[in-house]
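After this come two complexes, each holding chain A, first together with chain B and then together with chain C.
Entry: the complex of A and B
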């Protein structure tokens, strides 16, 4: 049997970490991701099943942390669910058996690249990258926005920490955009 | 221009894509309504100088379709609704 080595979104064996001034950008390869969308007229059934399975379904534009499942809102009656990759690599199958036919579930892990941003103040960086008013948004805010030409999800975990999900095939471009903005700030 | 998204609040218009007249929601039944009615639906638009209902797509956001009531003379936006709710209020099931 072939012995295959998994590669990160940036094409390397190990997750990449980049630092510039006070900023640290860490690629996250330990997150499993799936989308959960309520089927037509089945929202009540999904809410019940999700509660039982411990899958949070937060309000619009918010992220809710939990163990093992965290989730953020992406569209009306649709969420992205995060879980630790080590224990939930088959997140789509796990959610399907937990939520039954109330929801349509799609595996998303390998469609995205996740970057965690950390700096004492992320506002000057993010105001150069996107049109989200980061300081004005509450912790736990999650939104889709544009960085350069890329549609990304931005999750505010605090004034000093944020996570970005961008399209995996453009991982290098997204990192380049973040680094370029960082160089103009610091 | 700022569009007040009914779920997400004020959003910059650059996040949206404009489709056009919201009468596109009222598609006649092509099998029974007749050619003239369907032709009107497909090609004819009123072009009012004033209040206009139009479809906008939140492309760089939650990808919802909105019906925006906008004054084409002043660009004032008086009402923003989810297209889904508008369609349902007109008796559509999808």
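Entry: the complex of A and C
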């Protein structure tokens, strides 16, 4: 039977790390991702089940960290839930078991490429990439925005760290955009 | 060359010397110089030739309003025409050339135009080049364009990069003169997020050009200290070399930052310019004012400049433009120039003051009630003729004349939302009117508050008002001189030409002609004369032009009104507008899971939206694309072929109403589909026209996976979200795209099942996994999905694994299935096979065709309501003689077809009235051994077996064809059910 070897979104065996000046961009292949959307009229049940299972369901425009589950809001009564890939590759099945029929759950792990950005101040980089007032947003801010025509999620983990989820098929284009902006700044 | 015209003082760094060339001659300057100030310091005042008449011209200003000193900067790919020498920052090695002259600036053969000026008055072209009509495009226009005064465009690619970006602030302040600085200090000290932008490379505005004091210090020093204080505030962003070029909706402003224009070339990786989009809670326009000339005969000679500019060159740049200076003014500000220059030791020969009475300047010949009526000097001013109050004329030998006709507030940005400026007779100028962009306030001389004290006061007060601050900083002492002006727009004298718009060569006579021809509205005058339509947007000319028109028509200036200003405030390089969107960076790419394998194989890719799909994969020895495509088709139909179909849209649809939702969005029924099965679905638009198609599988009781065409993946998803959120919010349906989450491959051909048996863990025999089956399976234990569907007409499956495993799955299938000689086929072979089968795709799904035309009319269920069902039954869409999908093959197998050709009956003339329809898609079928096509033919379903013609007049094609069923290969579908 098959024993398939995965490729990263950038087409490599190992996750890619790029540095330029103070910036480090790390491709994250170790994150499992699933969407959780409340079934119509089942929000109360979902909240209860999620609480019990330790799945955070944060407020709009917010990311909430936890273990093993973290989550960010993506739409009314809808979230993306993150968990470690090594233990939660079957994140959709695990969440279905936990949340039952109160939610519609869809695996999203490989729909996205995740890049973690780290630099003492990310604002000068992000102001060339997207229309988000990064310095004014609180830590834990999560938003949908555009970077060089690509729809992405941007999560502020601090003034110095952020995660971008971009469309997986455009991983190379997105990384190129980030690197180009970094060269403009630093 | 020595800097013969340098005098003491100024804000230039004399410890460093910069070398530059103008028209190939070497010159020296200093950091802090502009190209214009450095050339003037070297005694060069002839810098260009005028647009139409090729008149010798020099700078009249010291800023971005400059209409005359227009030059080409740099060379090679960086050559930039039509730039203003007055704002070009000097750097070591700068090369500049004059433009619009031949063979040289001093001797310009096109100067003959000036002698023929009678023929070139406003409206000349419209009247003269009317006949014959065809000559305009081919003869007249090219000649006129060649003679017209614009620089030349380099044919080389621009080597520089341009960025775009987004900024946010509580307060954007446009202009960093005394007003802007005071506003920034007020807001910055209050802790507000402030952006202070100025087009100059040094903040301070006119304070750098004047000798005013603020408090106990020079104005320029106060400006420097203020900038130092502001730069220490983390909440204040100072942006020099940044021009705010436009005000847009919702407090959005655009600004161009010239990051590297003051350098020989941008540093590695750094952009030349950045186009910023600024989101400002509030904004203050503190853009100052621009001095305007007074029109008189021959007022355009090099050496005749704005009085304020003479002062700026002397005070800021340590330059005297000439040795013998006169000043012509109608207001007190002009007198400042005389005083400043005299104190610098320049010989001020006379002040010609059009006003009567008032105080006389001490120590200077001050002629009151006098006017300059003419000037002379071949390539520059040598004398002026003055008419004194007693009517006597006098010629005065001077080589510089400073002219001040008053100052116009820079209202431009306030007018970008069509707010009309209003005339303020106290300063004889237009000030911002009502209904400016919401949130934009105006302060300082841009608001008609002309003194330094008024600038500081309004800068502070407007910042307080804009941000609703509670505390007001103390104001330093500053001059608060009143404005004393007696309007004088042009000197009534003689028959010669008096220039109004120097960049477009518009004269007082042209304005008179416009009036004579009844183009008396300012908007008509502008277009008739081209006044204000040059790249300077008439910053020095508009107000004079309309004032002259007012005088000619006997209307008041307010009655006459002004034209409106539009973005950009100053010219913007095309590169800045394009940003990174050029060449390979024009758009992002989407790569399929098989991309890396295909690249290794030397595959040819085709752009499908942002996707790069494999078009075909050439093998050794194949020299022509058809060889590869034919081989891929034959190999697939013979054994097995694999195609990456990841690009098809995949939408996960869940919820207890998922089936009912699909019944509404699809024309056919899905709620009855069994779990573990899939079905072809047809989606209509509200108007009954086919929108999209694809297969949808039921993966669970409340869970479906829809596929869409590649092209419509996003718009179908958006449509479904609209339906869910707006049309039927009561339904329990949740949607999410999973297009990129799964790598999906079509495995097609007689050996498809045999190959997959070696890959998947489950029994996929026909009994266990029948035609149109669907389900979750595993591949070596890995979660996967399998669908038994076919686009090629072969026994076929689509197999999907999480995208990261897609590359490995492909390699595994090729390796483990080697005994079946599997090939990977591209979009061309896919196209051949689907056309052989008569499946509709892009050419048929053309946004104009109902299902009936595609032979799919029965799919539109009447038993239920669905989007488009009712309107698809419209009379016009259901007539029997309407277009129907047919197959087409040439009677002679060698006959050629092309898509887009039209059906004609035999013997019918190729005219629209005889048009029977058109070919939508065409390929060469290696199985049928000829070109085949699909087409929409009127009444086509009743014409099967008939002979017709395919005509394409553009391609010179007239082929006899047979109309056949669109199902041209295996019409019974035995292969795909095998």
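One rule holds in what follows: the second predicted complex is superposed on the first by the 184 of 186 C-alpha atoms of A that agree within 3 Å, B and C clash if a C-alpha of one lies under 4 Å from a C-alpha of the other, contacts with A are read in each partner's own complex, and residues count from 1 in each chain.
As a convention for this text, a residue touches a chain if its C-beta (ideal position, glycine included) is under 8 Å from a C-beta of that chain, and two chains touch if they have at least 3 such contacts.
Just so it is clear, the structure is predicted and the values come from calculations on it, not from any experiment.
> Counting only touches as set out at the top, which of chain B and chain C does A:60 meet: first, second, both, neither?
In the superposition, A:60 contacts chain B only.
> Among the partners chain B and chain C, which is in contact with a greater number of residues of chain A?
It is C that touches the greater number of chain A residues.
> When the two structures are overlaid on chain A, which partner does A:131 contact: first (chain B), second (chain C), both, or neither?
Both: A:131 reaches chain B and chain C.
> Looking at A:144, would you say it contacts chain B, chain C, both, or neither? Reply first, second, both or neither.
first
> Counting only touches as set out at the top, which of chain B and chain C does A:170 meet: first, second, both, neither?
Only chain C is touched by A:170; chain B is not.
> If we overlay the two complexes on their shared chain A, which of chain B and chain C does A:107 touch? Say first, second, both or neither.
second
> Determine, under the contact definition given at the top, whether A:118 touches first (chain B), second (chain C), both, or neither.
neither
> Shared contact residues on chain A, chain B side and chain C side combined as an intersection?
131
> Give the list of chain B residues in touch with chain A in this complex.
Chain B residues touching chain A: 7-9, 12, 14-15, 60-64, 82, 84.
> Hey, which residues of chain A end up touching chain B in the complex?
So the residues of chain A touching chain B come out as 60-61, 73-76, 131, 143-146, 151.
> Within their complex, state which residues of chain A touch chain C.
Within the complex, chain A touches chain C at residues 1-9, 11, 29, 35, 37, 39-41, 78, 90, 101, 104-112, 127-133, 136, 148-150, 167-174, 176-177, 180-181, 183-184.
> State the interface residues of chain C toward chain A in the complex, per the touch definition above.
161, 163-168, 193, 268-271, 274, 277, 279, 580, 585, 587-593, 595-596, 610-611, 646, 652, 654-657, 702-703, 730-734, 736-743, 759, 761, 779-783, 801-809, 812, 816
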